[in-house]
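Both complexes below contain subunit A, partnered by subunit B and then by subunit C.
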Partner chain A sequence: MPTPTYIPLQTITLGSSASSVTFASIPQTYRDLVLVMFSKSVGSPTAANLKIWFNGDTGSNYSNLRMYGNGSSALSGTGSTTFFESWLDSTAEFTATNIQIMDYSAADKHKTALTRANLSSLQVQASTHRWASTSAISSIEIESSDNGTDLFAVGSTFSLYAIEA
Partner chain B sequence: MIPLGILAAAGGAVASVGSYDLLATEILTSSSSSITFSSLGDYAADYEHLQVRMVARSNRADTGSYMYVQFNGDTGSNYNYHDLQGTGSAVNSNATSGSYPSGILDKNFSPAATDPSNSFGVGTLDILDPFETSKYTTARTLSGQSSNSSRIGLTSGAWRNTASLTSITFDDIFGSFVTGSRFSLYGLKASA
Partner chain C sequence: MQSIQTVTVGSGGAASIEFMAVGEIPDTYTDLKVVVSGRCSTTDTTATLAFNTGGTYTRRTLLGSGSAASSNTSAVDFRISQSGDTPSTFGNSEIYIPNYAGSTTKSYSVDSINENNATAAFQAITAGLWNQTAAITSIVLTPGSGNFAEHSTATLYGILAGSDGTTTVT
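Let's look at the complex of A and B:
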């Protein structure tokens, strides 16, 4: 029997700039999460980092791999300081990011995700990510930088959806 | 938002309630070399596109395994594919110049026995117009794993046949998908 899914859980639209956004008390009754972000930064650098942590864990439990094109080269790199790393622009353009977090509520798997992120002034990116924990994800913290000096701009939106399986 | 994986990343309007339906899920309780969704013709009247969301790991004694996606049980040389793959240090592209045997090849999806415990690969497979009989069945994936054999990849492929889709098979080429691997089938409705 077909089951309608892709359930909107919460949308946050910033009315004032903020250094971070948190989705808390995420229900455990679904299988996958989809996080859709359309965001930019305010701050002195023209490009700031966008980073994500789960359940308040800022330890060395993350790995990520990205493939990106910047208009002149196709590149690939890895990271280990956060679940997700991408760029935000502080001039005019918003970064469009879609993160598919699979089996977020499962207790028998590390949490793995796929991302497509576009910042048309800088790069287009596809990436994968792993949080080396079997804990179910109950909260997601999204930060605009790693030094606290950059903020998400007014109008940045963050939407969280859930998918059944 | 259009729920198809790559389209979704481009943004767009929010999907209306009920436009994206869960049709079936297979969660392995024991290892299996293949998983098949069958009787897909039952969905032809109500759905325009299909998506499969995948979480899997192989028991292959190596870092990573490859997977074939096969349609209607056809294991002949009736497929082709292209991919773009990031390895962490380089970006590669692979393709077939002509027909490819046994299925659409996804090389980025599945970690295996020598990868960290509990690490699984993930992917989304979009199949566009699978019930049309005037088009080759065409699909694309975004898949990856962050493990010892980390990879991220975009794949497109086609089954050179215009038959309406009746089944999808996922075949672990070098081993078996382990317990807990999950494949979920979704339908994207056509407009009334």
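Let's look at the complex of A and C:
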């Protein structure tokens, strides 16, 4: 029998703009999570620093390694303040961002993820991420910016799926 | 995630791979995913996709060649193996299309390689946008030149998200 994949857990659809959304009480019965974001911003034309926090931890326990292209140059960088860094744009399209979080329910390892972020008018990015905690992930907060002025636009959707091993 | 349709290219190749005729992809899913195993009959490693009919596509790609990395906005959506690549190898691609039935312009995400047992082979990630707001009801995949070679395959999957529930929105 085929193994179920992409088991739908929850979707958040914004009926009004918001600075963050949270998936709470994530069940601990699966192996991996997939988060699919279809979003854009209202506020600054290019709102960088889309961020993700686990279990309410906004401390310096995150790191990432990114490679990205802007249409003319191939670039790479690292970050140490957030699990995820990407961009939204109030003047462009709703962007497609996919994040796969491995072994989210394990309590014996740091949490890692692979992401793909896309904004055809600005950049394309692939990145890897670590949360330096062995705690199982029970909540995910997605923040639109770190300055409090850029919001997720109405119609942005955030869908969380589970994958069984 | 459910399989909607698989197309396998037969003897003699095919100029394109088409999922459904225009109007036939059901709107009952949230997102679509296309998985391609492709090889070209010519020395071309490039391929494009087309939704429905008309519209304009824009793309931003990060490309690795085995010796260098670069970025471009070329009219290429994904990579396939070419006729000079290692025999029996096929390039692999995943194309993710969120909110394909929605009323906004359609963005898509592509991860792609052309398989070749040599130092030169391409791997690419692409951010794409189709500037139309119509629901996507058909998808056509086309190599940059020539045909998809025999045994190339492409599968279209539908992904259904969970319902909106109790959430915290601030």
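In this section, the second predicted complex is superposed on the first by the 161 of 165 C-alpha atoms of A that agree within 3 Å, B and C clash if a C-alpha of one lies under 4 Å from a C-alpha of the other, contacts with A are read in each partner's own complex, and residues count from 1 in each chain.
Heads up, the rule we're going with is that contacts are C-beta pairs under 8 Å (C-beta built on N, C-alpha and C of every residue); 3 or more make two chains touch, one makes a residue touch a chain.
All figures in this text were calculated on a predicted structure; none of them were measured in a lab.
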item	value
First, second, both or neither for A:R130, with subunit B first and subunit C second	first
Contacts of A:S60 with subunit B and subunit C, given as first, second, both or neither	neither
Contacts of A:S20 with subunit B and subunit C, given as first, second, both or neither	second
Subunit B versus subunit C as contact partner of A:E164, first or second or both or neither	first
Subunit B versus subunit C as contact partner of A:A74, first or second or both or neither	both
Touched partner set for A:R31, first subunit B, second subunit C, both or neither	first
First, second, both or neither for A:K109, with subunit B first and subunit C second	first
First, second, both or neither for A:S120, with subunit B first and subunit C second	second
Which superposed partner A:Q10 touches (first subunit B, second subunit C, both, neither)	second
Subunit A positions touched by subunit B in one structure and by subunit C in the second	5-6, 8, 36, 38, 67-68, 74-75, 96-98, 116-118, 126, 161
Subunit C residues touching subunit A - in the complex, by the definition given at the top	1, 30-31, 58-64, 69-73, 96-99, 104-105, 107-109, 111, 125-129, 159-170
Subunit B to subunit A touching residues, read off their complex	1, 3, 5-6, 8-11, 14-15, 17-23, 25, 27, 43, 46, 53, 55, 84-91, 116, 118-124, 142-147, 150-154, 180, 182, 184, 186-187
Residues of subunit A touching subunit C in the complex	5-6, 8-14, 18-24, 36, 38, 67-75, 93-98, 116-126, 155, 157, 159-161
Contacting residues of subunit A [partner subunit B, same complex]	2-6, 8, 31-32, 34, 36, 38, 63-68, 74-78, 96-98, 100, 102-103, 106, 108-110, 112-118, 126-130, 132, 134, 161, 163-165
